[in-house]
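In the two complexes below, chain A is the common chain; its partner is chain B in one and chain C in the other.
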Partner chain A sequence: MLSVSVVSINILIALLFSLGAAPILVWIERRVAGFIQDRLGPNRCNIKGIRLGGLIQSFADMLKLVFKEDYKPSSIKEGFLFSLSPVIVFVCSYLTFLVIPFADDLHIGSETFMMQALPLEFGLLWFLAFAGLSVYGIIIGGWASNNKYSLLGAIRAAAQVISYEASMGLSLVSVLIIYGTINLGNMVDYQGQLLFGFIPAWGIVLQPVAALLFVVTAFAETNRTPFDIAEGESEIVGGFHTEYSAMRFGLFFVGEYVAMSASSALIVTLFLGGYHIPWLNTAALQAHVNVIFVAIMILLPFGSYYFARWITKNNRWPQVGDIRNKEAAWLKKILLIVNILVVTLLGSFLLFGLSDDGVNISVAALQIITFAFKLLLVNFFFVWVRWTLPRFRYDQLQDLGWKVLLPLALANIFFTALFVVGFGV
Partner chain B sequence: MGVKIVKREGKTLKERSYIFALFTGLRVTLRHFLKNLKDTSNIKTISYPEELPKDITPRYRGVHRLTKRDDGSVRCVACFMCATACPADCIFIVAQEREDGVDEKMPKKFSIDLLECIFCGACVEACPCDAIRMDTGIFTFIAQKREDFVIHKDALLKNKAMKGSK
Partner chain C sequence: MIDIIFFTLAIFTLAGGIGTISFSQPIYSAMSLIVSIIAMAGIFALLSAPFLFLVQIIIYAGAIITLLVFIIMFLNVKNEHLPKEENKNIHLTLSAFLLIPLVLVSLKAFNTLPLKSMEIMSGDFGSIKLFGMTLFQGWLVPFELISILLLCALIGAVVYARKEDKIG
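And now, the complex of A and B:
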């Protein structure tokens, strides 16, 4: 009973972080793009005046995609492949997320649970396998569309995959040499140490070059600007998804964001300390969990106060008497209720004390929140880069992949190996 | 002939690595993002149907209006100067004898087809009596049928000058 509930909670959290994150990421993308370009972005869509800063727009768009006509042009000969390719993209993107650990191994009673949706030991290989497979969806879809722009997009995707995949794999080899494991959970454990007693031993500190290479290749992997040449909407209409509409396009669209979220999750896991709060690994967190509770009880009301002030200032609608003007008051009430609930809950924990299992569960919850926060930041970084950099040209990406990234990755492996063997770390 | 040596940029390792330029770019976009996130009123966008543009000046050529004399009668004397000057041929006037005795002629009908009008202001320039003006500041007109875009004398007389015009 216990194991079933923990496993299903894990699967739910993975669903939430990948699939549930897609509408939120679309919203973040559009609002951040707006703010970066001094525009507003979507802010009108509302349900009885509740706009949530434009988040409702994403759900409206999803509904629209679901209810549109499932149209297939008569020029398409390979109908099966045409329908299959969005599924490949979506499923592969989603499967990559399943092996990401979002908390340390959870001990309840005598049982131990790996806090990831699929409790696999070879997480990194699984990720690489499915991340590499998802590009087949794009290639097959572009080819099956029987359209020259789609085919160009597919060719570009194929050319892109051979130029970054090698560097991606090699950049991870140096990381593997340092961590000495392919188990993502153990990698995060390793990052819980302190370097020279005060720097968190995160991957980005130990392997800055590998981190840079992996981030660059992760952008290519997820087909996002500056490497979205397979889509290239200003050059080849829509690239591989030109002929797609309704939910088939929706699967491509959601798949892109799920892949982005999965790549961000892997970046967090490999290079940004995973679920660790900086300077507090799991053991330290378990020992000082009461201090963390007190810190949250003090910081949360302060943060909420400033957030409420921000809402008052910015959540307004220019027309007096519009229903959308009432939203700010509602949001502030909800914020107050959340504050009261959290503070009472943590206060009762402090008053009555927690059993060992309780401490373990609350530590896991704290780590999941930390992981979600880091994931959000890295996702924001993806969006931020998209609205900063222009698209690479087709040959420029190959130049970059083969002439810059690959030699850098090889040199990095060489020096890392030399260091590890020489100093016996 | 002197020789001008043009300095070629972008050849140093720092410039060719793109890393520094990349971070400069990221800094610029982040600054815009944070500025607008902190206070959305920094964004100049107006929410149009609810908020109206504030930069319409009295010189703006909006929908026409017919002016009135001090005693409230029509200023227009149906001289056809505006209809003659109109390059789009969108002004249609039918003259009649003056009923109120203020002058000799007055328009029986005075219609302007807003779909034909190019808002050049030639009619305003041509009018010898200052009877037609475009200072209403109205930049939007909506109708269901083509015929409804032809506005007639009563509507033209009803249009008011916008605030701030002389």
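And now, the complex of A and C:
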């Protein structure tokens, strides 16, 4: 019973971080794009005045995609492959997310649970395997569309994956040499240590070159700008999804965001300390959980107070009857309720004390929140880069892949191995 | 339970193999090959060899077939380019029948093999660590020789693909 509930909670969290994050990421993408281009982005879509800064627009978009006519051009002969390819992209992207650990191994009573949806030891290889497979969706889709632009997009996607997967794998080899394990959970454990006693031993500190290489190849692997030549709307219309519409396109679209979220999650896990709060590894967190509770109880009301003031300042409309004024009132009420709930919950924890299991569960919850926060930051980075850098030209992309990234990755492996063997770290 | 999974995977492997040789459109053949390879990876996983399972997917399904598909797409084979194979099914059935004696002989040969336990290995067998240790301690020289062979092939490909320098 216990194991079933923990496993289902893990699967739910994975769903939430990948599929559930998609509408939020679309919202972030559009609003950030707006701010970068000195405009506001979508912010008017509302349900009875509730706009949540434009978040409702994502749900409206999704409803539109679902209810659109399921149209397939009559020029398409391979209907089965045409419909299969978005499914491949979506399923493979989702499968890559399942091996990411959200928290340290959870001990309840005598049982131990790995806090990932699929408790596999070889999570890194699993990620590489399914990230590589997801390109088939693009290739098959582009080919089945029976359209030269789609075919060009598909060919570009295939060439890009072949050239960047090698660098991605090689950049991970040097990381593996440092961590000495292929288990993602153990890698995060390793990053809980301190370097020289005061720097968190995160992957980005130990392996900056590998981190850079992996981030670049992850952009290529998820087909995000500046590597979105498979789509390349200024050159080849829409690339591989030119002929797609409605929910078939929707699956491609959501699949891209799920893949982006999975890549961000892997970047967090490998290079940004995973679920660790900086300077507080799991043991320290368990020892000082009460201090953390007190800190949250003090910081949360303060933060909420300033957030409420920010809402009041930015969401005030001169007309009395304006429906948008209600939103601010509602949000402030919800904020207040959340504050009261959290403070009473944590206060009761402090007052009555927690059992060992309780401490373990609250530490896991804290780590999941930390992980979600880091995931959001890296996702934001993906969006930021997309709206900052222009797209590579095809030959520039191949030059970068083969002449810069690959030699750099090989050199990095060589020097890392030399260092590890020479100093016996 | 394991038997059911094995038979499902085996059916997919065989169906993929048959598809590879019987489809006339090359891209369908490549797709069938992927099905076959992934089902084969599943069989590796069943035989407690997780490393082979994932490497099979990463290398074969993820990289090699992608390259193959890339080249097929580059050639852009259309239906009218393909040879007309009107009696294909008859040919396939006939050749299958012709192979029966060979299959019988190999079955007979298989039956004379000494009996061994066919249980799935348990424990650490096939884990990444043990696999790597065996490969790099017991089989280091063959491993390096194969690497050199691959390197030779790589250099050969580059030499062939390079344009001749114009003299004078």
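Definition applied: the second predicted complex is superposed on the first by the 420 of 425 C-alpha atoms of A that agree within 3 Å, B and C clash if a C-alpha of one lies under 4 Å from a C-alpha of the other, contacts with A are read in each partner's own complex, and residues count from 1 in each chain.
As a convention for this text, contacts are C-beta pairs under 8 Å (C-beta built on N, C-alpha and C of every residue); 3 or more make two chains touch, one makes a residue touch a chain.
Just so we're clear, the structure is a prediction, and the values are computed from it rather than from any experiment.
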item: Fit or clash between chain C and chain B when superposed on chain A; value: fit
item: Chain B versus chain C as contact partner of A:N314, first or second or both or neither; value: first
item: First (chain B), second (chain C), both or neither touched by A:I36; value: first
item: Which superposed partner A:I155 touches (first chain B, second chain C, both, neither); value: second
item: Superposed model, angle subtended at chain A by chain C and chain B (C-alpha, nearest 10 degrees); value: 120
item: Touching partner for A:F419 - first (chain B), second (chain C), both, neither; value: neither
item: Partner chain(s) touched by A:F349 [first = chain B, second = chain C, both, neither]; value: neither
item: Of chain B and chain C, the chain that contacts the larger number of chain A residues; value: C
item: Which of chain B and chain C A:D322 touches, first, second, both or neither; value: first
item: Which of chain B and chain C A:W387 touches, first, second, both or neither; value: first
item: First (chain B), second (chain C), both or neither touched by A:W330; value: neither
item: Chain C versus chain B - closest C-alpha approach in the superposed model, Å; value: 27
item: Chain C partner contacts - residues on chain A that touch it in the complex; value: 81, 120-122, 125-126, 128-130, 132-133, 135-136, 139-140, 143, 151, 154-155, 158-159, 161-162, 165, 169, 182
item: Contact footprint of chain A on chain C as seen in their complex; value: 27, 31, 34, 50-51, 54-55, 57-58, 61-63, 66-67, 69-70, 73-74, 76, 127-128
item: Residues on chain B engaged by chain A in the complex (per definition of touch); value: 22, 25-26, 28-30, 32-33, 36-37, 39-47, 50-51
item: Residue ranges of chain A in contact with chain B within the complex; value: 32, 34-40, 44, 313-314, 317-319, 322, 384-385, 387-389
